[in-house]
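Have a look at these structures, which come just after this line.
What follows is chain A paired twice: with chain B in the first complex and chain C in the second.
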Partner chain A sequence: MNTLISLTDNLRTFWSYTGFYNAEPGHLVMILIGLVFIYLAITKEYEPLLLIPIGFGILVGNIPFNEAANLQVGIYEEGSVLNILYQGVVQGWYPPLIFLGIGAMTDFSALIANPKLILIGAAAQFGIFGAYIIALQLGFAPNEAGAIGIIGGADGPTAIFTTSKLAPHLLGAVAISAYSYMALVPVIQPPFMRLLTTQKERVIKMKTPRVVSQTEKILFPIMGMLLTTFLVPSGLPLLGMLFFGNLLKESGVTRRLAETARGPLIDTITILLGFTVGASTQATTFLRVESVKVFAIGALSFVIATCTGILFVKFLNLFLSNEKKINPLIGNSGVSAVPDSARISQTIGLEYDPANYLLMHAMGPNVAGVIGSAVAAGILLGFLY
Partner chain B sequence: MMTPIFEKALLIAAIGMTGIFLFMAVFYLLILLLDRLMPYREEKPDEENIVEFETEEDEEEK
Partner chain C sequence: MRIIKRIIFLFATVALLSGCSTQVKNPEWVINEVMVVNETNFVDDFGQRHGWIEIYNNTAKTMDLGGRFLTNDRNNPKKYPIPRGDVLTRIKPHQHALFWADGNPFNGTFHLNFELDPTKDNWIGLYDNDGKKLLDEIIIPAGMLADQTFGYAQDGIKYNETGTASGVLLERVTPSSNNAILEENPKVVSLQEDDPLGGLLTVTSMLVVFFGLIALYFFFKLSGNIAKSMTQKKVAQSGTLSAVRSHSHLSGEVLAAIAAAIHEMKEDQHDIESTILTIHQVKRNFSPWSTKRQSLRELPR
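What follows is the complex of A and B.
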């Protein structure tokens, strides 16, 4: 009889440790969200390299367990494996490493060949500051508003880096929002591109960019880094690594380092970053009204960035001669979702003129957007950190 | 009605956007300078180093 009672007690204790016992509706909602991310990544191929790690991370982060038992498995439990991996996000050292890889895979030729395109990358940053003002109006504190505003830069690593400094408690919501909307760029941008352009503007053919010398390509990251250091020192962790990676690529003598930075290194960090950001979205910390607000403002910031990029091109065209006019369909590329937004310019451009290839032109504002959002992050950190 | 926080937000946004445009304008000038100092020159093959090989067809012609 005693044995039976003991067995029952043990089973009861075991049951209290299971996920089934500890599950709450919030866990199930988050697991469903994780599954949607994985579904979108596999069936729609929306940013699968990001959405699969994030989606699976959401599943892992929302497995219910007995927190009082001190199992050392949760991402917020100090000393757990997940917590150690999460330090790269919290301390902000994953994003600069991602930027190193991005630098090593970015070709700045399009920008160097037609430098006025860099201004489009600046105009699209209105998304960041527009979202910042909206977030303040909705009751967020200035530092939280800065973290939310950076979603408009359409740059996951920059958003994570800035939020880890300004409002770490919003990290999950901001990161998930930024990456979700980056994945949804092909859905968000086209309607506004069509709405804000005329038939005549959509078929503008731009001149083939000039050839860029290797010396220019080598000097660009060195001078760019120095310029960044002196003008916006707070943007240095991101931009310093971006230009360092680019120098590894362009110098021609560090091919192995460049290949490591744009291959195994960026892949490893992407896995760790995506997975831990996903796992950080535990139902108790993520399912709040403020997360919904973050998502809503994030969507608005993407729209503002897209629209201001396009409208700025139209404004620039007022001052350009006919042969130098810029097709406004590349204005959306000022948001730094590389290369997705540039691909959208190409796709929409081809719809209206099958012989008008805009990709090489759109890559200019696209890489300028990366620089612009990192500068904006530096400015926000300078004011609000 | 403009609250002090909103006024400060507008100020930060204005300074931020001006800062970004100034930064990009300096970048723009930097690129123009690079182009001026180091214009692209098409690499021409060094005539002294060109070695002419005789093909089988040349030999047949002979």
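What follows is the complex of A and C.
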């Protein structure tokens, strides 16, 4: 009889440790969201390199367990494996490493050939500050509003880096929001591109960019780094690594380093970053009204960034001669979702003129957006951290 | 030569701009708070009350005080050598070390071999390992009352905007802790008060973003023009068809027609043409820019 009681007690204790016993509705909601991410990544191929790690991370992070038992399995439990990996997000050293890889894989030729496209990348940063204003009106503190606003930069690493400093408690919501909307750029941007442009504007053919010399390509990361970081030193980790990666690529003498940065290194960090950000969305800390607000403002910030980019091109066109006019369909590319938003310019452009290839032109503001959002992040850190 | 002049001008401008800041830098180690007469205040490990000197690590890195010298005598900079090898002298970023001015150095690392005198000005200096380089100094005015401290209102902020030392009698006695207790981020608080709508920050930030990227624009506009003119010179010297194209704005087809006509005339091939020569531009219909693979996999609906 005693043996039977002990067995029952053991099973009861074991049961209290299982996920079934500790599950709350929030966990199931989050697991559902994780499954949607994985579904979107596999069937729709929306940013699969990010959504698969994040989606699976959400599943892992929301397996319910007995938190009081100090099992050291949760991402917020000090010393757990997930917690150690998560330090790269919390301390903000994954994003600069991602930027190193981005720099090593980005060709800035389109920007160097037609430098006025840089300004479109600046205009699109209105998305960040528009969202900042909205977040303030919704009752967020300035530092929280800054972290939410950075979603409008459409740059996951920048958003994570900035939020980890300004409002670490919003990190999960901001990161998931930024990556979700980046994946949904093909859905968010086209309606506004059509709405804000005329038929005549959509078929503007831009001059083929000139060929850029190797010297110019080498000068770009050096001068870019010096000019931007002297202005905004708080953006140094992101901008320094971005331009360093680009110099590795363009110098022509560090091919092995460039290949590592844009290959194994960025892949490793992407896996760790995506997975731990996903796992950080534990229902107990993530499912809050605040997170819903963050998602809503994040969507608006993308819309604002898209619209201001397009409107700024139209404004620029007022001062440009006919042969130098810019197709406003590349204005959406000012957000730094590289290269997705540039691809959208290309696709929408082709709809209206099958011989009008906008991709190479759109890559200019697209990479300028990366620089612009990193500068904007530096400014926010300078003012709010 | 013109390019070199432009580059020199650019560097000179940057150098001038960098030299604009006249702000005096706060030292890495700051003698942050000093109590001369301790009657009812903080007690040392031996249960005794003495005057004390708080030193603040004003950097973002852990630094070791071991091997440096504390003194109250300008003529004897090496008066109290802070012992080396004590882990407690490794001070974390923006943290404090407290030394007891009790004249009992054998009581431990943090007990000095001198005392402070309330009847006169107390000069206190912290010297580097060589005993020559003065790291920081402070003068505590005579007549300090019991349990009163003199120091800086904010940790490590020694100099005010005019560059003068800003030591004051402190409102609160805070041994080994922050002189100013910050409950909230002062930047955030001031923004909440001065810019509740966020418009000011938005305008300022966008100006900075535009300024930074406009600077890049001008640089690459300039370097692009230089690169273009250098390429044109090289091509012109080569004497090829590309040289003509680079100097004229005529299309490739027009130049090809002119070249064909000149060739015919020079070779004296035909006086009267029996056919019409049509030049078709050779187009590659496929390029990486037009491939569907580079585009969206599905059109947005």
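The rule is simple: the second predicted complex is superposed on the first by the 385 of 385 C-alpha atoms of A that agree within 3 Å, B and C clash if a C-alpha of one lies under 4 Å from a C-alpha of the other, contacts with A are read in each partner's own complex, and residues count from 1 in each chain.
Throughout what follows, contacts are C-beta pairs under 8 Å (C-beta built on N, C-alpha and C of every residue); 3 or more make two chains touch, one makes a residue touch a chain.
It should be emphasised that the depicted structure is a prediction, and the values quoted were computed from it without experimental measurement.
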item	value
When chain B and chain C are modelled together on chain A, clash or fit	clash
Which of chain B and chain C A:I371 touches, first, second, both or neither	both
Contacts of A:G121 with chain B and chain C, given as first, second, both or neither	both
Chain B versus chain C as contact partner of A:M223, first or second or both or neither	both
Chain B versus chain C as contact partner of A:L380, first or second or both or neither	both
Chain touching more of chain A, residue-wise (chain B, chain C)	C
Touched partner set for A:E45, first chain B, second chain C, both or neither	second
Partner chain in contact with A:P142 - chain B first, chain C second, else both or neither	both
Stretch of chain C, among 96-104, 204-212, 258-266 or 276-284, that runs into chain B once the two complexes are superposed	204-212
Chain B and chain C contact sites that coincide on chain A, given as residue numbers	111-112, 115-116, 118-119, 121-122, 125-126, 128-130, 132-133, 136-137, 142, 145, 210, 212-213, 215-216, 219-220, 223-224, 227, 231-232, 368, 371-372, 375-376, 379-380, 383-384
Contact set on chain B toward chain A in their complex	5-6, 8-10, 12-13, 15-17, 19-21, 23-28, 30-32, 34-35, 38-42
Residue ranges of chain C touching chain A (in the complex, touch as defined)	14, 185, 187-188, 191-192, 195-199, 201-202, 204-206, 208-217, 219-221, 223-224, 227-228, 231, 287, 289-290, 294-300
Complex interface listing, chain A residues touching chain C	44-45, 111-113, 115-116, 118-119, 121-122, 125-126, 128-130, 132-133, 136-137, 141-143, 145, 186-187, 189-190, 210, 212-213, 215-216, 219-220, 223-224, 227-228, 230-232, 343-344, 346-347, 350-351, 357, 359-360, 368, 371-372, 375-376, 379-380, 383-385
Touch list for chain A against partner chain B, complex	111-112, 115-116, 118-119, 121-122, 125-126, 128-130, 132-133, 136-137, 142, 145, 210-213, 215-216, 219-220, 223-224, 227, 231-232, 368, 371-372, 375-376, 379-380, 383-384
